[in-house]
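What follows is a structure written as structure tokens; I'll ask about it next.
Letters A, B, C and D name the chains as they come in the text, with residue numbers starting at 1 for each one.
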Amino acid sequence: MNTPAKRIAILTSGGDCAGLNAVIRAVVLRAETLNWEVIGIMDGTHGLLENPPHVMPLRMDNVDTVVMRQGGTILGTTNKGDPFAYPMPDGTLKDRSGEIIDAFKKLGCEALIGIGGDGSLAILSRLAKQGGFPLIGIPKTIDNDLGVTEMSVGFDTAVAVATEALDRLQPTAASHDRIMVLEVMGRDAGHIALTAGIAGGADVILIPEIPYSITNIAAHIKILRQRGRNFALVVVSEAVKTPDGDNVSQNFFGGQKRLGGIGHIIGAQIAEACQAETRVTVLGHVQRGGQPSAHDRLLASAFGVYAVNLIQKGQFDRMVAWHDRSVIDVSIADAIKHYQCVEKDGTLVKTARGLGICLGDETPLK
Amino acid sequence: MNTPAKRIAILTSGGDCAGLNAVIRAVVLRAETLNWEVIGIMDGTHGLLENPPHVMPLRMDNVDTVVMRQGGTILGTTNKGDPFAYPMPDGTLKDRSGEIIDAFKKLGCEALIGIGGDGSLAILSRLAKQGGFPLIGIPKTIDNDLGVTEMSVGFDTAVAVATEALDRLQPTAASHDRIMVLEVMGRDAGHIALTAGIAGGADVILIPEIPYSITNIAAHIKILRQRGRNFALVVVSEAVKTPDGDNVSQNFFGGQKRLGGIGHIIGAQIAEACQAETRVTVLGHVQRGGQPSAHDRLLASAFGVYAVNLIQKGQFDRMVAWHDRSVIDVSIADAIKHYQCVEKDGTLVKTARGLGICLGDETPLK
Amino acid sequence: MNTPAKRIAILTSGGDCAGLNAVIRAVVLRAETLNWEVIGIMDGTHGLLENPPHVMPLRMDNVDTVVMRQGGTILGTTNKGDPFAYPMPDGTLKDRSGEIIDAFKKLGCEALIGIGGDGSLAILSRLAKQGGFPLIGIPKTIDNDLGVTEMSVGFDTAVAVATEALDRLQPTAASHDRIMVLEVMGRDAGHIALTAGIAGGADVILIPEIPYSITNIAAHIKILRQRGRNFALVVVSEAVKTPDGDNVSQNFFGGQKRLGGIGHIIGAQIAEACQAETRVTVLGHVQRGGQPSAHDRLLASAFGVYAVNLIQKGQFDRMVAWHDRSVIDVSIADAIKHYQCVEKDGTLVKTARGLGICLGDETPLK
Amino acid sequence: MNTPAKRIAILTSGGDCAGLNAVIRAVVLRAETLNWEVIGIMDGTHGLLENPPHVMPLRMDNVDTVVMRQGGTILGTTNKGDPFAYPMPDGTLKDRSGEIIDAFKKLGCEALIGIGGDGSLAILSRLAKQGGFPLIGIPKTIDNDLGVTEMSVGFDTAVAVATEALDRLQPTAASHDRIMVLEVMGRDAGHIALTAGIAGGADVILIPEIPYSITNIAAHIKILRQRGRNFALVVVSEAVKTPDGDNVSQNFFGGQKRLGGIGHIIGAQIAEACQAETRVTVLGHVQRGGQPSAHDRLLASAFGVYAVNLIQKGQFDRMVAWHDRSVIDVSIADAIKHYQCVEKDGTLVKTARGLGICLGDETPLK
């Protein structure tokens, strides 16, 4: 291969998900057809804070068909440190954006492709503006809460894993007359819970967007029993809070403050309210790391190729997005603005209510 | 339950696919929340030609969570007989539309929900017009060739199965320095081949929309070898014809005229042109019958609920469609008109070319 | 079909698992080839305490190929009530064995096939002796703790599900430099944890048979880090107790006393000892209800056919078992006696130690 | 790490299968705990015919948890050339065993671990004897035709893939009243076809060990129809020959003489004999390359560790084997002698007949 015509950089930022490696591969393969070089920055922007910076040249060889099929990211990622308020060992926060920008500039790259969710893209966008370097964003989030793209990388796989868990819980629930509670991920938005719940035949789905009462849930389960159903499937988004505002993270995680554990609370409450046996599964990071679904790999591939094409055309500060069977691009600023949690009268909620699923705020069946 | 307020009918028509049962379930569950009755017509419109007609009442009991997870259709289906030119035992074709309409009217249903592809929906639409009964269409096709909906039921699962096959072929190809040919379904459109090929890391993808030459393919594989790759993955849509217009169906299927077999032709041609070991897998109906993916089940559920809602609102001759994270409805006539094969400059083709995949009409790598 | 030549009964008892329906199907299909009738008793022996008894005739139609592929048991099961000390609503325990035996005799069955683990088979055996009716046992347990059979129905699937979870946790662990803790099932024996841990590439596996110390685990993880590994996978059997004898069930399950939760304790302890980020997944009943693996379905089919053959030959009080690629039969009394937890110098433990996996009682790597 | 105490070599030989990488990993990990070095020989013994020899040092880094989960073999393999009668470019056969032995000796390894089926192990054993170097064999074959071990690496995964295909064919068969023919692998032995057929609910299973007649098959399908079944699943081992001794390989594979294609013959014959629609799936190498099942990975891990232990103890010319939940070792000579095709009165055949499955030589149902 000749001297590369251009050099670009890529990094993954924020929580990992399935499909990141497929994005990286697509960027590298597209770049190689143009005789460009790709530098991978390790551990989000953190790799640029190391001395020497943690970076790796990316070639077809190290992003081949095997890597594409794997969850996670070969570049590593992080969601711990905001470069503008970076947690230092002494407990203080420090603005390290200048260091990152300087290190990036020394790489000699003409543009940066950043793969991240709304938080990461906001930070990268601020860095790019301050540093004056061109940025292209690629949306990834298992939460699917970026509004301007129909799908973000990672969501389809997370939903598939959660749905599969429901498929496995249903027969054992029915065999033992039990109520199964499945706690799934979802930081602020209930898309995973609602989508997987509908696809997996849940009877009750609790999401952070809709307040629930145990009374409604118990009444719903009572009606199901009257209709002859001896079991129930309950999906709870980890971000759900009790009517009192509780979430059990503090008790569970050795003091680390995190989401999760609400499944156990709901399970105990239902057990009492329904005089039923309940069992709880907390899927956790199993939802992040799976082999990417075909759909996520397609999305990742299309996004990666399109992102390089934008650089080729000199169009920057754009985020690629999926719309109507196609990739389009939008301004990153617009993308971040359109945060999308579950719409209360949108298709997902209407579908759930239409199926007679209890969302916690009412008892849909009579 | 009280006397049903309304009675509607549902049937599945054309080739089966994953997700049909999830549509049926959604229709029944939504109808039950409205206190409506649902009649299932067996084997497409054929059930109405039997005496007595083959129909079954559908209730929550017989479309429960288990059925929803299964491929195929509990109603049976068919793609053999056009009611307007129905093949009779004596070999003649007969217009039996009148019989079907009469039988349907005797069921006392206020509307029919027909789940089918473009062919089936065209026939059902003609029947509905002639018979003067209200119709709602729900799009299903593994080929995803209906243009007005972003996705039809069954496509996502078919792609997932084909992609999984590529995931399994890759390591054995690499272990033995082989070229693997995977023949996938796709009657007229190459969406399955192209989508699964991209998602599964194919090196060559042949679709009916783009003519190929073995010369281009061999040149591409030669370049891959020069780059150090010791294997290749080739995806061929069953509808692909050789430059001479051949397709081997006649030889293969005991005289039955059908698509398929082209994988073996391509495999033999590549073996000769590249002096390589090739192996051929013909996935066949494995692509149709799988457990529906989470995405197909969501689509199916959303479509089913929305279809009943349309009947409730008295809106007919509409097909439900997926657009921008939502269900919408369009006129069936419009839907049928917008046949969508793979666009030569669309996102799928651009993504494939961008990744350096050979589509048979050129040698993308240098 | 003619008048049945014989009538037999079948029930499933104890915790459910994948493959029970495949056993039931095999029994029915084999019985049909002999023109025998099969009566399914619902909810373990509990169905016989109802008036009228909860039983269902089983025919090829209701145990067809679809049912065989499903987890759980269409007969229902239970692990709550010992017939000899049955918990009554008033809180007392009552010997109800006589009622069960009487009800069974009224069914007019020549023999009973009981599918269960060691506990269930012991109870069924006592009932059979007291009632003087012929019994055949079929071993099922996800724990694989019955010693005279190499494999019991349900184990292979449970291991597969737990292994798959590790496959999904590995890439996200590696992407974020995390230690992932997976709590798996296993009442008294660590077979699931050890087998899945080996198959899934775990670094630490804790089982109830081997006491652990956090010091050993932390030392092991330190060595892995020195070798360049940035993540670790830890598998914990739910039956593991802390050195202080703790298991967190009391706190977790709304007062219900059950196994489980130890994963969270271990996770918190490792987080502190290693100054690492840990994340915990509690797989729970997902391990029970999955679609049975091919191996479990083979085992189930071979067991079911063989069990009927034993009845045909008039050989009773036998349990079928898998040995050296074949089904054999042993006395139920012997089978129950040979309880098999993980052997400390058996193949599983030696394999784990050979791979350098930390079992909590030592630090295998230097 | 200090100077290695010992150096050993490993190679994979014959057709690849799932689990080979897990064996390699286990050998390397076990060797590392002993401070030994492992040399991987590429492409079976062929790597030793290259100048310089194709070998790679194997360390924990390059056989980590990711590789273990992949099908195929990172060492490459081959089943084309017998070193004692090696096909030369000029078409002659040449004894190249001396060259291989010399090259092996130059590696300075104290022993060779060879992973292969009966053919490969026979050749390796002859090489070891002639060259006077210690050999340990590890059995792998998707055919499971090595008699002294209950299971060989790769069989469980191949069966799982074939069973899954039947799971997917069943619903589409039932939806369209079709007979589905699935051609599976199996060179001389019918273990895959029989095991997957039983596990996957097949109605007809044809294996090379049992001659079939279409008359029997047609009679069987007729009885199924009389019982109300509208579909049938037929599994055919690729090694099955027609009563006339035909196998269609010649026609299919561009002149390359190979097994396979019999599925299409059987499909056409059944279509005619039963006046039914048939569809044929040829799974092909999809069965080889899949991600190894948990069971295959356990087997692989246990075998790999045990093989190194044998070398440590100075025990050679042994093959590891699985017996009664444990790894044992047997002499390679004995292992090769005990070829095991399907026993006509063994558990598999009895199970199939007991379920009423037609094996082609009789019509089991009345």
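Everything below uses one rule, namely that a contact is a pair of C-beta atoms (placed from the backbone, for glycine too) under 8 Å apart; a residue touches a chain by one contact, two chains touch by 3 or more.
Please read all numbers here as calculations on a predicted model, not as lab measurements.
K.L.:
Just how much do you need to spin chain B so its Cα atoms sit on those of chain D, in degrees to the nearest 5?
P.N.:
Superposing the C-alpha atoms of chain B on chain D needs a rotation of 180 degrees.
K.L.:
Please identify which chain has its centre, taken as the mean of its CA atoms, farthest from the centre of chain A.
P.N.:
With centres defined by C-alpha atoms, farthest from chain A sits D.
K.L.:
Chain A to chain C: how many Å between their CA centres?
P.N.:
34
K.L.:
So the centre of each chain is just the mean of its C-alpha atoms; given that, what is the distance between chain C and chain D in Å?
P.N.:
Centres of chain C and chain D (C-alpha means) sit 30 Å apart.
K.L.:
How far is the middle of chain A from the middle of chain D, if each middle is the mean of its Cα atoms, in Å?
P.N.:
Taking the mean C-alpha position of each chain, the two centres sit 40 Å apart.
K.L.:
List, in ascending order, every residue of chain D touching at least 2 other chains.
P.N.:
66, 70, 167, 170-171, 291
K.L.:
Could you please specify the touching residues of chain B with respect to chain A in the complex?
P.N.:
By the definition above, chain B touches chain A via 26, 29-30, 32-33, 60-61, 65-66, 68-69, 150, 156, 159-160, 162-164, 167, 170-171, 195-196, 198-201, 227-228, 233, 291, 293-295, 297-298, 301-302, 305-306, 308-309, 323-327, 346-348, 350-351, 354-356, 364-365.
K.L.:
Which residues of chain A touch chain C in the complex?
P.N.:
Residues 12, 15-16, 20, 70-73, 76-79, 161, 165, 167-178, 180, 230, 251-256, 264, 267-269, 271-272, 278-291 of chain A touch chain C in their complex.
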